[in-house]
Structure formats: C-alpha cells, structure tokens
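Following are the structures in question.
Note that chain A is present in both complexes that follow, paired respectively with chain B and with chain C.
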Partner chain A sequence: MPRSLQIALFVAAMAPLPLVIGSEFWLAWTTLALFYAYLGQSWNILAGYGGQFSFGHALFFGSGAYATAMLQIHLGLNAWAGFLLAAAAAAAVGAAVGYLVFRYGLRGSYFALVTLAFAEAFRVVANSLGITGGGVGLLVPLKPSVATMQFPEKSGFFWLVLALVGLGLILTAWLERSRFGARLMAVRENEDAARAIGVDAFRTKLAALALSGALAGSAGAVYVQMYLYLDPGIAYGPGMSIEALLAPIVGGLGTIFGPVLGAFALHGIAEIGKVGLGQAPGLNLVLYGVLLVLMVMFMPNGLFGLGRVTLRRLLPGVRNA
Partner chain B sequence: MLELSILLPAILNGLTTGAIYALVALGLTLIYGVLHIINFAHGSLLMLALYAAFFLHAVAGIDPYLALPIVVPLLFAVGYGLQRFVIGRASHGKDENILLVTLGISVIIENLALYLWKSDTRTIETPYSFSVVNFGVANIPVPKVVAFAGALVVAALLWLLMTRTDLGRAIRALAKERLGARLVGINVDHVFAMSFGIGCACLGAAACLLLPGYYVSPHVGHGFVLVAFTVVVLGGMGSFVGALLGGFIIGVTESVGGLFLGESLGQLAIFVIFIAILLFRPTGLLGQKA
Partner chain C sequence: MLDVIGVTKRFGGVVATDAVSLSVPAGSISALIGPNGAGKTTLFAQISGFVKPDAGEIRFEGASLLGRAPEEICALGVVRTFQIVQPFAGLTVRENIAVGAHLHRRRRREALDHADAVAERVGLGPQRDKQAAALTIAGRKRLELAKALATDPKLILLDEVMAGLNPSEIDEIIPVIRAVRQSGVTVLLIEHVMRAVMNLSERVWVLNDGALIADGTPAAIAADARVIEAYLGHGAASAPAAAATAHA
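Let's turn to the complex of A and B:
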C-alpha cells in the first residue's frame, strides 16, 4: 500500500472519533496521545532519519511555547499567527544551535549533552527574566473561539492535533522519498562516507535540526492554547525531552508511523498502569523507565521492528513489509 | 569596585562547593571520561547513595562518616550489577543505546524513590552539623571542610588505582583498544563492570561526605548530572586531577557568578562553560588529544 494511502486511511479513520467517543476523558486521552505522537515525530525526523540524538528537545518545544505565549500576552497577537511564529522561532533556535554544534563537529553523545545543556540554560534564563514571568510562569488569557485557537469544544483540539499528526506523517513520508531525506539518511548511516560522495553533511544536519525544531515549536504553541499556562519547568524541563524521544523509540525509530504507534502504546500502558497500580505518584513513570530499558535491550527496532521480524519469519519471501 | 571582604568569602565558599562537585564528578571521570559510557543515571545513583547513608543514620544511628565502609561497597555492587547485567547487555555496541538505557534507569530509580520515600526533603543532624572552622575571611562549616579533604583523597586513590594496579592497566587498555584488550586476555565485560562499580563506589563516598551538610530528596541528583558532565569535560576526559580542578572552577564560577548575576542566573555560567568547552576545547584543561 502506498504511503500516501496509508496516511489518508489513518487520518480518515481517526477523524470521526470525537463523534463516536462519548466520554470527555477518552477524548482528552486520545488528543494527548496524538499530541505526543506529533512531538515524537519531530524527534524522529532528527534522530530516526538523521541519527542525531537530542536529549534536550524541550529546547524547541519550550521556545515555541514561550514565543507564542509572550506575543499573545504582551502584544495581543492572534494565536494562529503565534503558532506560525512559534514554529519559526523554534526553527531559528534549532538553526542557531545547529550552526554552533555542527560547525564544531560535535557528534553522538556530545550532541546529546549539548542539547541538554542548552535546554537547561534556557530554563535558567526563563526562570529569571521578567518577560517570561520567571518561576511563576505565564497565564494566557482565556478567549474561547476558533479564531483564537482556544476551541470551545474539546473536539476542536482533537482535529487540530490530528491535522498536525497528518502533516508530520506526510513530511516524514516525503523525507523517505526525497533527495534531502536520502542525504539525511546517508549522514545517519555514515557521515564520513556521505561526505566523501559529496553530501554537504553540515547543511543537511542543520536543515534537519531546524525542521525538527519547527515541529516541536509548533507543538509547544498548541500546548499553550490547550493548557493556557506555561512555566520554565514545563517548557524546558527534562520531562518534555523524554516524552519526545520515548514515543519514536517504543514505536520504531526511523519509521513513518513509529511515533504514532509508540505514543498510543505508551499512553495505553500508562493508563493500564494507573488502573493496576493506583494513582501513586511516580509509579507510572517507573513503568515508562522499565519499558525504555526493555525496549532498548530486547527490541532495539521498536514495535514496528518486532512486527517486521515476525512477518519475515512467517513469510520468508516478504522483505520490506 | 567589589569589596574583597565579599569576594574572598564567595571564592572560599565556591571552593568548598566545588569540592563536592569534584567528588560527584570523580566517579563519572572513570565511567564517562575513560570508558565513554554516557551515564545519565549518575545523579540518581548519587541520590540512592544519599538515601542509603540517610537511613543508616536514621534507623541504625550510624554516623554518615562511619557509614563509608557500608555505603561504598553497596554502591560498588549496584554499579557492577547494573553495567554487567543491564547496560552492557542493552548497549548492542551503540552509544545511543547506552544513553537511552541509563536515561531509563535514572527515570526508574528517581520515581521509585518518589513512590517509596515521597518528595520530602530530609536532612540529618549530627553533633558537628553546625560547627565551623574559621579561615580568617570566612567561617566554613566542618562538613564542607571534610568534604574538601575527602575529594582530594578520592582523587588520589583513583589516580593510584589507574597507574599502579593491574586493574588500572586493564581499564586503560580497554579505553584505548577494546579488541586488542580482549586478545591479550582481559575479561572485557568484567573490567567494564569493575570500572562502573568503582565509579559508583565514588558516589557512595561522595554521598557519605555530602550528607552531613546537605539534604536528600528524590530529585537531589538532578542538579548534579549536568554539573558532573561539565566538570569531566572541563577538566579533560579521564583526568582525575582535571576533574578536581574542574570542580573547583565550576564551584567558584557559580558562587562568584551568583554574586554578580543573582542566585538563579549564576547557574547559567555552568552551562555556558560546558557548551563553550565542548565547542572550542573538547579536550578540556588537562585532557590528552583524543
């Protein structure tokens, strides 16, 4: 089945859900799972296709979130315009960080550590500036209307996030077939070899980081409209960075649908965990950690990798299912 | 012009904080600096060691300094087991996997602690908790002076281990050439786990020296992770003297930076140093060319 058809089928199957789901709780749950699928797709583009493991993806999420929240509060900017500006701001942060980091050739664990350090530095700055509200955080005024991106009906957020997930899927599918994507994957497999055949590794990685940053930043903008509150810990803390990387790793790194599958699997397990273990603080995160370790240990290719392996065992002729 | 009477105490205070950073970072120098295992669980393991020392004091009434012979072997065992049975197996020979597994381990340890011991901040009281030593320009609490001396001793012990023992030679051989080390008969998995265990044992020592003048909570390790990586990178990968020096520099920077920029922005200096060192001088102050 062609990728475009798969994506269209997925979105078409998901779209009527708010009309079917009666309970507010499950609608919010599905929206949140889709939200983390979108954030995970951003990480997947950079790490799954580009091989650059960011440990501070909150840097982009938070920059986008703060950009739109500050513009809305201080300048009264429309949230939809803020959404676009958030993506642009996060892309700019990605490009600036990428320029520094890739110019000086930081790879692998150094890249992970530097992104983490940048996120922490931004958190400290956001904590001490007046314009970001400091540690108290920012409250975005409530103006429920479609025009302000604060949908009166919860289903509005569902469709918005679903549209973004669809966009992320299309973008990733395009990556798999485009020249840019081919260059990016060449860099992931072997940067030196890629450069030897004429790939401009610096510009390729820079573009991937900016693109990934733009997606994460726009996710931040949506988050602000959903919760109407932002503080440095939410925006730049390690929690968001971990959410961003868990979904694609559990689902399958470097696959189009990996982040979506991973996000639903994770949040499903977290929900089952809550029922089974009670509401004790921390226990559902313990489950996340155990899952992460087990996935890396036994299923380094994620759920999709598992599916592929079993399919290949069952049908020796099948290659890329 | 800043008064010397403000600046000197700030520097002295920074040095003692730096000694604590150095203590925490020394274990990481071995794990990350020598063997390139990116251990994100370093802060969580420190937190675990702090709780061990705390409960030994609260339940059995053992003074944290006397708890050293219990906590250090305990942390060694935890570290050895983690590397041998979890991290080593999950790595599949890839750096990214080590990053993810240690991240997972830290999430598990931290949230288990949160569940078991709640998010309360706990401190202990010892007869010497509030005693001070007069250094002329400032009074420094006794626990901080002990921690300072402890950092020097731990660094010296590690240096001796690496240069004077067979294990140290094996570790250095592994760091240089893994396959070659295996060919000359070094049990690679065992030596890796030994190094990780010793690195964690340093955390045990750090925890016992830290506790009398500090506190413990499930999130106490957070603040130390990036600082420890910064110290290791600043001092030079794998250099114990460098880690000591790096710890002092970071401590003083934070303390003096806080004086000029205020408490919360003072931390910013740490991250700026970290990023700048990685970008412009990845070998650090005393590291050798990779």
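Let's turn to the complex of A and C:
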C-alpha cells in the first residue's frame, strides 16, 4: 500500500472519533496521545532519520510555546499567527544551536548533552526574566473562538492536532523519497562516507534540526492554547524532552508511523498504570523509565521492528512488511 | 588533470607524506603502490579534502583543492573510495548508490534510475534491493565503487578495491575498472594486488616511508632495484643477482 494511502486512511479513520467518543476524558486522552505523536514525529525526523539524538527537545517546544504566549499577551497577536511565528522561532533556535554544535563537530552523546544543556539554560533564563513571567509563568487570557485557536468544543483541538499529525506523517513520507531525506539518512549511517560522495553533512544536519525544531515549536504553540498556562518547568523541563523521544523509540525509530504507534502504546500503558498503581505523582515517569530500558534492551527497533520480525517468522519470505 | 606538488603531512614525528609530487593525465589509469604505512591512503585523504596537508599544493584541472571540504571536492569531480568499506548499512544497495547519484540529480526518480544503471555497470544489478549490510566483502567493494561512480566523477581514487577478494573475484573486477576508464573517467588506484596493477595501469608511482622512490611503467617498476628493496628489505635487490652468479 502506498504511503500516501496509508496516511489518508489513518487520518480518515481517526477523524470521526470525537463524534463517536462520548466521554470527555477519552477525547482528551486521545487528543493528548496525538499531541505527543506529533511532538515525537519532530524528534523522529532528527534522530530517527538523521541519527542526531537530542536529549533537550523541550528547547524547541518551549521556545515555540513562549514565543506565541508572549506575543499574545504583550502584543495581542492572533494565536494562529503566533502558531506560525512559534514554528519560525523554534526553527531559528534549532539553526542557531545547530550552527554552534555542528560547526565544532560535536556528534553522538556530545550532541545529546549540548541539547540538554541548552534546554536547561533556557529554563533558567525563562525563570529569571520579567517578559516570560519568571517562575510564576504566563497566563494566556481565555477567549474561546476558532479564530483565537481556543476551540469552544474540545473536538476542535482534536481535529487540529490530528491535522498536525497528518502533516507530520506527510512530511516524514516525503523525507523517505526526497534528496534531502536520502542525504539525511546517509549522514545518519556514515557521515564521512556521505561527505566523500558529495553530501554537505553540516548543512543537512542544520536543516534537519531547524525542521525538527519548527515542528516541536508549533506543538508548543498548540499546547499554550490548550492549557492557557506556561511556566519554565513545563516549557523547558525534561518532561517534554522525554515525551518527545519516548514515542518514536517505543514505536520504531526512523519509521513513518512509529511515533504515532509509540504515543498511543505509551499513554495506554500510563493509563493502565494509573488504574493499577494509583495516582502517585511521578509514577508515570518511573513506568516510562522501566519501559525505555526494556525497549532498548529487547526491542531496539520498537514496536514496528517487533511486528516485522513476527511477520517474518509467521510468513517466511516476507522481507519488508 | 590532477597535480600534486610537494605535498607534506606530518603526524607528530611521523612524516606520512614527504614532499610528494605527481601528476595524473586525463583519461589514464595509474597506480600508487608501496608497502603498508607508506602514506598512500594519507595522500588520497589529502587530495579528497579529509586531511589538510602541512605544505604543498594540490590542483585539479588548474584549480587548487586546498582548503576545500570533501563534498566540495566531490562536486568538482574528484571522488574517493575507502579502503575499509563504508556502506550505509541500514539502506539498500540502490539507496546507497542513489545518495551519490543525487549530487547532480535533484529528483528521486532520476537518482534511483541512475543508481540502477550504475549497479548494472559494477555487477550489482541482481542485488540492488538487498540491505548493504547483507552484502559479502566482494559485494561491498563493488558498492564502494558504485557509490563513487554515481557522482559522475572526472577522476576516481580507488583505495584497495581488490583487498580481501579471492583471485576469481579479482578477475571479475578488473574489467569493471577498465570499463570505468573507457567511459571517460580517469582512474588513480592504490593497490597491493600486483596482478591487477600490472594488468591495468599505464603508469605506477611507488611510495615508501612517505616519499616517492620511483615512477614509470609497470614493467620498469617491477625491475627497479629501489622498489624491490622497499618491499623485500635492504640487500634484496642484489640477492637474485648474487644467487645467479653462484649458480653459474
């Protein structure tokens, strides 16, 4: 089945859900799972396709969220315009950080640590500035309307996030069959070999970081309209960075649908955990930690990889499911 | 076409290449030989922009290559292969070759079609849907060649594409390299397989301890006393002569 058809089918199957799901809770749950699928797709493009493992993706999420929140509060900017500017601001942060990091040839764990450090530095800065509301955070005024991206009905957010997930899927599918994507995967596999046959690894990684940043930043902008509140811990804390990387790792790194599958699996498990283990704060993080260790040890290719292996065992001769 | 002029590179106290000068004419196949550690691969790394020379000049079609990044040098038409093969292991053979093909082809379709054509040229046609990681060593050597060829180079630097191959595999790849030259690509190869060097090259340079010690036709090189000494040790060149006298 062609990728475009798979994506269309997925979106078409998901779209009527708000009309079917009666409970507010489950609608919110599905919306949140889709939201983390979108954030995970952003990480997947950089790490799954580009091999650059960021441990501080909150840097982009938070920059987008703060950009739109500050523009709305201080300048009265429309949230939809804020959404686009948030993507642009996070892309710019990605390009700036990438320029520094890649210029000095930092790879692998050094890249991961530098992104983590930048996210922390931004958190400290956001904590101490007046314009970001400091540690108290920012309250975005409530103006329910489609025009302000604060949908009166919860289903509005569902459809917005679903559209973004669809966009992320299309972008990733394009990556798999474009020159940029081919170069990005070549850099992931072997940077020197890629350079030897004409790939500008520096520019390729920089573009991937900016693109990934734009997606994460736009996710931040949507988050602000959903919760109408932002503080440095939410924006730049490790929580979002972990959510961003867990979904694709659990679902399948470098696969188009991996982040979606991973986000639903993770949040399903987290929900079951809440029912089974009670509501102790931070418990979901413990669960995530255990899950991450198990995934990396036993299923390094994620749920998609597991599916492929099982299919191959059941149907010898199937090579690429 | 390629002019290397007095290129010197030191790593600490070791002189990897010592004022090496050579000049490769367009349309030729030439070889760079020498014992292990002679500086052959370091010279390739300097031509292709991976290592910066301490002194000297490298020109390709009159333009200096010094200070240019590997990808820029590749775009000018000089491409290298790696002695230790560097496939993109997680990609298929076709996708591997397409990365090179994309240098001058933006569209995916064109790059894949070109990759198929190059795969045929090097004899990887039947294996193009395989993962690169699943190839045998002979297959990986061909892939290394194919990735480089797909960039439409004017000059290709082949670093031991025959090392690790068995004699029949070597016999198979010699005509492939000859066909590369026939298609208008100049070839400079590093090789230890003397049968291939003798068979293919019009001109041979011999490096030893970083310095050029001889150059000429393959036949002249094989008879050169300095070359025999470099390979077999001091005094080796006079030994056959002495042995011949003793028998007489």
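For the reader, a short list of remarks on this structure follows.
Here is the rule we go by: the second predicted complex is superposed on the first by the 321 of 321 C-alpha atoms of A that agree within 3 Å, B and C clash if a C-alpha of one lies under 4 Å from a C-alpha of the other, contacts with A are read in each partner's own complex, and residues count from 1 in each chain.
The rule is simple: contacts are C-beta pairs under 8 Å (C-beta built on N, C-alpha and C of every residue); 3 or more make two chains touch, one makes a residue touch a chain.
The structure presented is a predicted model; accordingly, all values stated were derived computationally and were not measured.
Legend: residue contacts after superposition of the two complexes on their common chain; A:Asn127 is shown touching chain B, with no touch to chain C. After overlaying the two complexes on the shared chain, residue contacts for A:Val199 are found with chain C alone; chain B is out of touch. In the overlay built on the shared chain, the residue A:Ala186 is in contact with chain C alone; chain B does not reach it.
When the two structures are aligned on the shared chain, A:Phe53 is found in touch with chain B, with no touch to chain C. By the document's definition of touching, neither partner reaches A:His267: not chain B, not chain C.
In the superposed model, more residues of chain A are touched by B than by the other of chain B and chain C. Judged by the document's definition of touching, no chain A residue lies at the interface with chain B and also at the interface with chain C. Residue ranges on chain C touching chain A, taken from their complex, read 48, 50, 69-71, 74-75, 79-82, 86-91, 95, 98-100, 102-103, 105-108, 111, 147-148, 150-151. On the side of chain A, the complex with chain B involves touching residues 47, 53, 55, 100-101, 104, 106, 108-110, 112-114, 116-118, 120-121, 124-125, 127-128, 238, 242, 245, 249, 280-283, 285-286, 288-293, 296-297, 300. Residues 36, 38, 40, 86, 89-90, 92, 95-97, 99-101, 103-108, 110-115, 119, 218, 222, 226, 229-230, 233, 262, 264-265, 267-268, 271-272, 274-275, 278-280, 282 of chain B touch chain A in their complex.
Every residue of chain A that touches chain C in the complex is listed here, in rising order: 177-179, 182-183, 185-186, 188-190, 192-201, 254.
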